[in-house]
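Labels run A, B, C, D and E following the written order; every chain starts at residue 1.
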Amino acid sequence: MTAATVMAGAGTGTRIRLDRISIRYGDFTAVDDLTLAIEPGEILALLGASGCGKTTTLKAVAGLQRIDDGEIRFGERRVDGLAPHRRNVGMVFQSYALFPHMTVTENVRFGLAMHGVPRHRHGERIRRVLDMLHIAALADSYPDQISGGQQQRVALARTLVVEPLVLLLDEPLSALDRQLRDVMRTEIRNVVKQTGITSLLVTHDQEEALTVADRVAVMRAGRIEQVGSAREIYEAPRTRYVADFIGRMNYLPGRVLDQGGGVCRVETAAGVIVAPAVPGLGAGQPVEAGFRPEVVRVDDAGAPRGDRNRVEARLVGETFAGVTTEYRFRTAGEVEIRALGQSDARFGAGADRRSCLEWPVSRTLVFAAGA
Amino acid sequence: MTAATVMAGAGTGTRIRLDRISIRYGDFTAVDDLTLAIEPGEILALLGASGCGKTTTLKAVAGLQRIDDGEIRFGERRVDGLAPHRRNVGMVFQSYALFPHMTVTENVRFGLAMHGVPRHRHGERIRRVLDMLHIAALADSYPDQISGGQQQRVALARTLVVEPLVLLLDEPLSALDRQLRDVMRTEIRNVVKQTGITSLLVTHDQEEALTVADRVAVMRAGRIEQVGSAREIYEAPRTRYVADFIGRMNYLPGRVLDQGGGVCRVETAAGVIVAPAVPGLGAGQPVEAGFRPEVVRVDDAGAPRGDRNRVEARLVGETFAGVTTEYRFRTAGEVEIRALGQSDARFGAGADRRSCLEWPVSRTLVFAAGA
Amino acid sequence: MMLRLAAWLVLGLLALPVVTIVVTSFNATSSFAFPPEQWSLRWYRNVFDTPVFGSGLVMSLWLAAASSMIGLVAGTMTALAVVRYRFVGRGLVLSLVMAPLVVPEVVIGLSLLIWLQSVRWLSGNGAILLLHCLVVLPFVVRILVANLQRTDVNLEHAAMLLGANPVQAFVRVTLPTIAKGLAGALVFALVMSFHNFTATFFLVSTQQTLPVAIFQYIRTEHDPTIAALSTLLMVGAMVIVWVTDRLLGLERVTK
Amino acid sequence: GGAEAQQKIVLQSWGGTWGDAMKEAWFEPFEKETGIQVELRPQGSMMDALAKLVAQKDRMDVDLWITGMTPTALADEAGILETIPRGKLTNAEHLPDALIGDKYVGVWNTIYGVAYNKETVPFPITKWSDLLDERLAGQVGIPHATGYGGKFILLLGWLGGGDVDNIDPAFEVAAQLKPNIGIISKSDPEAIKFLTSGEVDVAAMMPPGNFVQIREAGPQFEFVAPEPFVPANFNNFALLKGPNTEAAVKFIDFAISKQAQEELARRVLVIPANTQAAIPEELAPFAPPPERLRYPDEVAITKVLPDWAERWDRVIQGR
Amino acid sequence: MTLDQALPGPAGDTVRRRPGRRPNPVPYLLVLPALLLVAGLVGALLVLSLRSLEGAQGQVPSLAQYARIATSPHYLDHFTHSAWLAGAATLAAAVLGYPVAYYMERVGRPMRRAIMAFLAVVFFSDYVLRMFGLILVLGKTGIVNRLLVWSGAVDRPLSLMYNDFGVFVGLVSASLPFMILAINGVLARLDPRLPEAAALLGASPPRVFWHVTLPLSVPGIVSGGIIVFLLSLNSFVTPALLGGGFVEMVATFIYEQAINLFNLPLGAAAAMILFFVSMVLLVGVNGLFDRMGRRFGVREEGR
């Protein structure tokens, strides 16, 4: 592939397949029989708690970490076993890892030189990528002379200029402060999409995953817990871990009463909660009924309806949080329920007065307790 | 004040007054003629970009940093000039600064010993505060044996046990990860409120400020830019800096057409925008009309109304962000407008179709350009 | 592969003299035959039968102890000032305190010897003590400066805010936290003083330090007694290293 | 009485064989006789001792010093010497005039010959010029430039037909000698070590006193006082501005008495300074007839020694 | 341990002094004892410099001694020869030391610590004794010669010692620990991501080393080099024990003049020269590094 194709974003990315790979440090398994496919030109976010194996996975793709089992393919080509400098993988490190003894230009040129690109074509390509990332002005500064955000861009430029088959980003934004992070998120997404390189983004910031990536893979203790679009994962998390990791959730502990007619009824201290049926849950089994704060409404007037759950609770606190305001309720059995209302729309609940909370059955989830 | 009063939260806090204080490092002015009052028992958050002088201010209150001008009073008593160990100020550091060579208990006891509390009363008070923060179980562990959140609690316990007049918190949560931060926020607020100690909380995390504090003071380059309740500051930011620092905002650059009848009309590339009048803005003056993403609605049907602004734009992008979904529009003149809609409620806008965006005049702000 | 080979070769070269010394020290004859025909411990006995070593050891230990103590106190105070305060002349003070490290030992030795002629109030041994204080000072300061910089200033601040006056804060919080550093600095000082030769050589008259005694012995005698002595001292060095590792962590010190 | 018993003088001199000899021959009898203790302060080399003595100029704790004429002259310049009250020395009359002056009293004469290893040296050495024999390439140990106050340089000068005031021949000879030089020793004991440890096979300029020690290392070692003549010089007492001068003078007088002189000479194979005292027969095999002895003018050398040293090093050093 | 590490970074964040305010006496009281000690050295150096200004017979102050040294090629030899030996030793130490320092970073922690410990033991053991060890190895009756003779490679033992070679070996073996530790110190602090990043940009291991690792370890080589060079330049024990009187270096020359010839003024002058040479070298190298350190990844001192 040539500069033209990549820079023009012909989007001819490569499919990446991780097939049942395992990586062990001594007898500790950091990556455990993990399988994952990234579509050509797609940006996939690898989301997970600290220590769950994200970086290790990334390193395996880059070839910086040999794998103990399984195989890795770029397109049809099998690459595990290939030395890093033969894989043509681009990686942006959390610490950027810019060469401190080289100017921005030299940092960017390095890859070209190593790839044996004829010298006379360097200038052109370097200029193009520096412009693309709005850092042409910094060409002659050294890494320690420029800000974090700028270093970020240089790191990106250095990686993109060699037109890698695959782009790996390990928490590229975690070192920046909020305002800057917002800007860079969209920026990174745009640039990467423009070049059409298949990318794998590691982060433990849910918002980052949601805004930058096309799909999200939630990782836990070396395994993939769930893969899907941001919306799927947010609205239909398969486990409590996933549910908690992305967004907040209310839980009502209880026991399964019965399942049938496509619904699962759960007995809780706050009353019976109805949810879409969950295969494999037997009556009497201890479970937790979960629902997102923002789906909760106050409705004292309205009559009970089959497609909505309804519990009594009293308002115990309220916190203004900008766009939304959070209301904290307590149900019978002192379970706390949080409800999110848009700050401007007033949320019909008076302090300490009993009121009825309700939310759609369709947005209710049931998890086997302690899953 | 006695243990009883504080722990029982009699809320007999002290008023803190910073009166026109200035602090210089060499010829660099870190705090510049700053005046600030904190009401008894109030928690005030000092919010500001990195390097704006928050920690310096805190140190001044604690007596760890001499002030060059102005005065500091606790109640009626003037305290600047007093040595730190004479001020009876409690401070929780970003790094917690637990004594590594002492167990949790010893850390907590230290203050009591230094304050000459008779030994036989230590046990009782230490137990009480450890219970209050749910760390009684850790009494005999050393700081490096417990988690960040727990260290957090110990630091708080160590400070509270001596019943300081004033409590200072310097980014107490920045070292914790998201989930834990959520928990500690409410926890800290509860505990502090319980003891009723006047508190000053430094942070650069807006959410933290909003959720923990009663009032927020936004600081910029050594000065207070605006003080007020979270809501005031969010809905009526006095400057662009404040507006950007808390929440996000859309801006339409333009010029003042005229002011009168309590409204200010601004000519922009996207049309004329109306906002509540702003004293001191002359016709023709370059300004920016700002409004929050979440107040924007799509309304193609509805007729123009006097109390709402209305611009044409086309949808260029949409990002699911959990609770809310962000829609990016472009108006005539290629200004980007972001709109926030709740993810479940569908936001009536088709991709690339021209549609009408509208938002309340009352929620529109006008800032002199470059303020 | 090549790398490993080269590395071990060099290390081998470094080790060769050490090994030779140790082996030789058990040689029964004074012939230095290698490897020895018969083995014995006679040279070890000889070490203890040679009075200059005994007196030298005493002298060296005394010097090391005294100079380390003085150096430790002065050095700690300096390190504190340098790390916790910024004051006019801070840089100058630092370079002055570090000076003994960069002034050639011969120069220090000779200058002190000459200086000695013109001061009445300082005895020969006094001068040697002063010399050794100067030798240990830079090491103490450097180790403690590093140590203090690693300790969080806020520890002291926290202590003061909890009602401790500056002295209490230092004694009850700062000292304990740099305790290991102090101990490490002490060990280092002891070693540096104990092994100082060149400068000392200019000043010792009749009461020799151990290294000087060894130097003279090497020059004048030709038997494995020294080998035995070195073996003993090497065991000492190992203990020192072990202790230092405990206190400071080798990686830290050696860097 | 008590006061007497307390009295003690400090004597700076060589340790080792010399020290032991002095203890038996002098200190013990002297203490018996006068009740004055004598403490020996061993010295590495005379010049080293000089530097340290001058350094403690104003708090001198040494009373007496056995050294050579060169250091004596320098020490006197540095002003650390007392004049020795000749009147108080009952045995002074038995010393040749050359051996006694205001600041020095001769204590013994020593000669310098050659010690070598019979087994490794292919021929018996009889004359100084044998040292130039190419069969000894790299096998000759010599003293350094200022060793023995530069007398080795003078010796070569003499051999080349020169003298103190015409030293040039010395360096011509030195140039011829250079290929044979295996090591340059900084002190007697060092010279002994190099010979006995096989570092060199020949030790030029070796006092017979040291040969006593060498012989213990094995029978293969031989000592000769080569043709045509043998350099000799004397060592002397110098009286320092120490705390205890009278006692020190007493000791000098005792040390140069016939009895004490013979006692010591036997032990370290030197020629007594006291003309009454007999030359020890152990020395006889080595000692040449008096006419073959040559005494250099050391004070004269002192003045020129630095220049000699520089020229010497220029010839000898570097390889 | 390197000289630049001898001087710590910027002070902790408590700034106690500000214009228009009486300087805080505390720091000055704290540094007093140390300064008193150092005053001894400074005083001594002053006396030394005075002494070096004495004429031959020591009357009116003059530069006579310096003139003598400057005009005597033989005297100057001592300086040039020392410099030459020191330079060679430094070079050798760097060349021999680098592989070890680099190897230590590639092996596992236990091995690394083992080597570290060994070096520390060598470092903590007596300098004089290490030279003695070399005598046993290189002497006419030393193991090397014994091996050579025994193997029949030579018929008479070689002179491996008591000449420039002996001194050179002595200097190198004394320098190696310093050099290794200095270089390793830098390599250990090197961000492991840098080589990885280079590899991902297509650099083969040799090129990674050449373009990234080596340039970034230059500071270590330099700081190690300067200290090793100075130690060698000033070394006294090594030439005294391994030089056999043939190899006069500056230090031994000073001793010879000041002690054996009791020519204090000349010795003092030589010492002063050595002192200034050392200082100039130090300052010079540091200055050079301040200017071009960036090329080797040395960060500018932030305010």
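Here is the rule we use: a residue touches a chain if its C-beta (ideal position, glycine included) is under 8 Å from a C-beta of that chain, and two chains touch if they have at least 3 such contacts.
Nothing here was measured: the structure is a model prediction, and the numbers come from that model.
Engineer: Identify the chains in contact with subunit C as well as subunit D, in label order.
Structural biologist: Common neighbours, subunit C/subunit D: E.
Engineer: Moving step by step between touching chains, how few steps can get you from subunit A to subunit C?
Structural biologist: 2
Engineer: Looking at chain pairs A-E and C-E, which one is connected by more C-beta pairs in contact?
Structural biologist: Result of the comparison of A-E and C-E: C-E.
Engineer: Just the number, please: Cα centre separation of subunit A and subunit B in whole Å.
Structural biologist: It comes to 27 Å between the two C-alpha centres.
Engineer: Based only on mean CA positions, could you tell me how far subunit B sits from subunit E in angstrom?
Structural biologist: Whole-Å distance between the two chain centres: 55.
Engineer: Based only on mean CA positions, could you tell me how far subunit D sits from subunit E in angstrom?
Structural biologist: 39
Engineer: Pull out every residue in subunit E that's touching 2 or more other chains.
Structural biologist: Residue numbers touching two or more other chains: 14-15, 139, 141, 240, 258-259.
Engineer: Return the residues of subunit D touching two or more other chains; collapse runs of consecutive numbers into ranges.
Structural biologist: 51, 54, 186, 197
Engineer: Tell me, which residues of subunit C touch at least two other chains?
Structural biologist: Residues 113-114, 219.
Engineer: Can you list the subunit E residues touching subunit A in their complex?
Structural biologist: Against subunit A, the touching part of subunit E is residues 191, 193-194, 196-205, 207-208, 211-212, 215-216, 294-297, 299-300.
Engineer: Using the touch definition up top, name the residues of subunit C that touch subunit B in the complex.
Structural biologist: The contact residues of subunit C facing subunit B are 152, 154-155, 157-166, 168-169, 172-173, 176-177, 179.
Engineer: Tell me, which parts of subunit E touch subunit D in their complex?
Structural biologist: Against subunit D, subunit E makes touches at 72, 74-75, 77, 81, 139-141, 159, 162-164, 240, 244-248, 256, 258-263.
Engineer: Given the complex with subunit A, which residues does subunit B contribute to the contact?
Structural biologist: 49-50, 177-179, 182, 204-207, 210-211, 229-231, 234, 244, 246-248, 292-295, 319-324, 326, 340, 342-344, 363
Engineer: Applying the document's contact rule, which stretches of subunit D touch subunit C when the two form their complex?
Structural biologist: 12, 41-44, 49, 51-59, 186-187, 189-190, 192-193, 196-197
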